[in-house]
Amino acid sequence: MSRPSDVYLFGTCLVDLFMPDAGMDAITLLETLGIRVHFPQAQSCCGQPAYTSGHPREARDVARSQLDLFPGDWPIVVPSGSCGGMLKHHWPTLFAGEPEQERVVAIAARVVEFSDFLLNHLDWQPVDTGPATRVAVHTSCSARREMNVHTTSWALVDRLANVTRVVHDHESECCGFGGTFSIKHPDIAGAMVTDKARALEDSGAIEFVTADAGCLMNINGKLALDKATPLRGKHLASFLLERTGGKS
Amino acid sequence: MNSQPVTLYPSRQFKDNARAALADTELRGSLRSAMDFLMAKRSSAFPDTDELDALRTLGEAIRQRCLSRLPELLEQLEERLTANGVTVHWAETPAQANAIIHGLVAARNGTLMVKGKSMVSEEIELNHHLEAHGIQALESDMGEYIVQMAGEKPTHIIMPAIHKTKAQIARLFHEKLPDTPYTEDVDALIRIGRNALREAYLQADVGLSGVNFAVAETGTLCLVENEGNGRMCTTVPDLHIAITGIEKVVEKLEDVVPLYSLLTRSAIGQPITTYFNMISGPRRPGEKDGPREVHLVLLDNGRSQAYADQQLRKTLQCIRCGACMNHCPVYSRIGGHAYGTTYPGPIGEIISPHLLGLENTRDLPTASSLCGACGEVCPVRIPIPEMLMRLREESQRPAGEAVDHPLRGQGAAASTTEALAWRAWRRVYASPGTYRLFGWSATRLRALTPPTQAGWTQNHVPMTPAPKTLHELVREREARRKES
Amino acid sequence: MSARESILAKLRAAPKTALAHPDIAAHYQRFPFPDDPVGKLRHWARMMRSVKTEILWTDATHWPEALAEWADHRRPASLLLSDTPHGHQAAAALATRPTVPALRYFDSELDGWKEQLFHDVEAAFTRVRCGIAATGTLVLWPDAQEPRTMSLVPPIHIALFDTTTLHGDFHSAMHQENWAAGMPTNAVLVSGPSKTADIQLTLAYGAHGPRDLVVLAMLPDGISPAMLEEEGA
């Protein structure tokens, strides 16, 4: 794949409001790799929360407001597997039969998940400058099953010379976020995130990383409530930037 | 035998049921180890991923082709079965199906029915119906026999008693069966069940079975099993009644080959089951055993509603392997009873609304994180998450809104509060100006973040906005760059 | 309107889609079971043994003797036979032995002696139509002479299997023998004695059908038992 000179960053609404540093770290990292990053200021959300809650009309209206933001023929990098899945796979369905269908399909084809972009579009060979550590990787279900990029985060972490990647119990299992699922079924979602948090703690990892903002907010929010553990997760972008000396 | 209490629509209590199940540590442990075992078994049954992919694609194509010709195939099936000497009955509702079956048993003054595994008979609550008319319906699948004895319902469509430990079963047999010493030896427990049930096959007036595949081409009813109880129920009593959903028909005999392989490998990781029965009629002249009468009851019960919609029709591709349950992070934590439906887990979430109406299954379409594990393993590639999202849409759609294929219970989960919340969300997120203002105020007012947030703070610290949005951070950086 | 008419009307009113019947044979050509007679037999035997089936290698001449030897060793109290040439051959071979099980032919309708079949018959001997290598399977095609309960009710089922009828997979068995042209009242694929894992996923044999399955596997000239039992087989 040819190396693009420019990309768009679709930051996602969760990153925007709750973890903007992860978004900035993604931008910084891409820029240090010589890529010009364009962040359309009119962006908001891919529409996924409404779409998965049974409100496609509202989702479509929000998605429609994003369609003019990517006029250049550059990749649209998304630092979140589930939002990437929404853009890439669900937007074409959401706009099936709508006047914008063709444009949407063209936009969807340009969407690349962040870790996929680093690994497969840039073939980035990071130079690890950090101390030795053990890291667990949680891959979001959308990244795993919709985007088929569950191995890209592993591969990037594995390219870091001083980092040992540890596997946690039931690694492929969902953390229980699922958007409004965690609000509508807090008992079940709670049992899921409890098990995920415990598996990560028991893995012996010093920290964990994920390339999905929803999962990160879910698992960190749970760990913070428990107080007993120092374990916290980082967005993959922040972790990679930190390991390669790009973060002050 | 214990009669099970009939609870109308236990599916309405899904959230309470789930909470209770989550608190049951013994159940959680049984489920976790059972599901881990079944997932590992399935995985080892498909060592060649190319073969698995091709077989799933083939299975999907067969099921879709058969559904595309469903009315013609049902008529062909009826014609062939009739020619083979089988009587075919049609039932739109559980009540009609029960009346047909009761009529057949009553016509020969039957008092004992032995039953092979049939989820459709659970769906119509056949046992209760017959018991109310003085006919005993005895489950003969070991798992079903156990749950019936315990006065429960199956918790899994393939492994009905998967929630029970052998100690619980040992206690149950000891208490309920006369002269049965307490033993946790599984071979001994199975022997106890075997001996009791062998007497029942001998005495029974009628045997009832389900159907895995009904072949239109030859008029053949296929039955998949390991235990031999299916063969007993369909061979020993003089009357055999089979019951199945209308979607189970396949066009050609060869269709069953890939579907059967997908079924056993997906369900329990077995290359094949001990028995694959192909029944094409009652005892023929000169034959010395087998039932003298065979009947097939074809049940609709809401399936035609799913059929009417091309997207939801995919629900009917299901071959009832249960792999979606085994791989579901929700099912594996709450088990089958919590759903309060005959079919639990992901397949239950997408079929039950057609059987019972969305008004009685309101919380099922949302009881999924949409993680996609179900769709990933489905042997006939039913896009279960897509079906769930569609059902969410229909349950949120205002009851009065006219659509091409209205579902029973349309709008069951719609609430003014939620509708208004999404409309407000749209106003903010579809307008860059409003969104910017929203982001600015949310970050500036972050100290005022409510300490309890519906649902969320049960398991998490409150969601608190960052001091500045990413939009702002990017603008600030661009401004700094212009200055320098 | 009858339930039938009403259901069919609803289905007919639904949107139509035209889909071709997929090419099932092509799939099995793409993933064929290797057509090597010895390899097929080895695999078949390994699969059957993995589900507790006892295989006695023999041939078309010596099987009655093999059956009699098995009976000497296993000592079934009673044996049910079919009123067929192979049933009579079995009886003749057993009659030469010092201890002969009580023999009974399935020569009348079951209705008159159901109870005896359930309580008094320990083993039954039937023929097999063909076999399937991939899954370790025997195909039974019961008929008027050899009724279906023979392979179901007695605790031991002894099956006489001509191994030259071993197919690679289920599809080739069905296809090559053209089953669709005429199905019997009841045909059944058997892969081992009956079993269950319904109690805590613990495997137990002898659920409702036979506890033991014994196969007298007749080998053709040119294939010896030794070839099938070599190292790594």
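Labels A, B and C are assigned to the chains in the order they are written; within every chain, residues are numbered from 1.
Heads up, the rule we're going with is that a residue touches a chain if its C-beta (ideal position, glycine included) is under 8 Å from a C-beta of that chain, and two chains touch if they have at least 3 such contacts.
The shown structure was predicted, so the numbers you read here are calculated from the model rather than taken from an experiment.
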Category of the chain touch graph - line, ring, star, complete, other: line
Nearest-to-centre chain - CA centroid comparison: B
Chain whose Cα centroid lies at the greatest distance from that of chain A: C
Distance between the centres, which are taken as Cα means, of chain C and chain A, whole angstrom: 55
Separation of mean Cα positions, chain C and chain B [Å, integer]: 31
Chain B residues within the chain A interface of the complex: 15, 18-19, 22, 329-330, 333-334, 363, 365-373, 375-376, 389, 391-397, 413, 418-419, 422-423, 425-426, 428-432, 435-436, 439, 442-443, 454-456, 458-461, 463-466, 468-475, 477
Residues of chain B defined as touching chain C within the complex: 30, 34, 37-38, 48, 51, 54-55, 58, 61-62, 64-65, 68, 70-71, 74-75, 90-92, 96, 140-143, 146, 159-162, 164-166, 169, 186-187, 189-191, 194, 197-198, 201-202, 217-220, 226-229, 231-232, 234-236, 238, 246, 251-255, 257-258, 260-261, 268, 271-284, 286-290, 298, 300, 304, 307-310, 313
Footprint of chain B on chain A - complex, ascending: 11, 13, 15-21, 23-24, 27, 39, 41-45, 47, 49-56, 58, 61-62, 64-65, 141-142, 144-146, 172-174, 176-195, 217-218, 221-222, 224-225
Touching residues (chain side chain C, partner chain B) in the complex: 2-4, 6-8, 10-22, 24-25, 27-28, 30-31, 47, 51, 106, 108-111, 114-115, 118, 134-137, 143-144, 147-149, 152-153, 169-171, 174-175, 179-180, 183-202, 204, 206-210
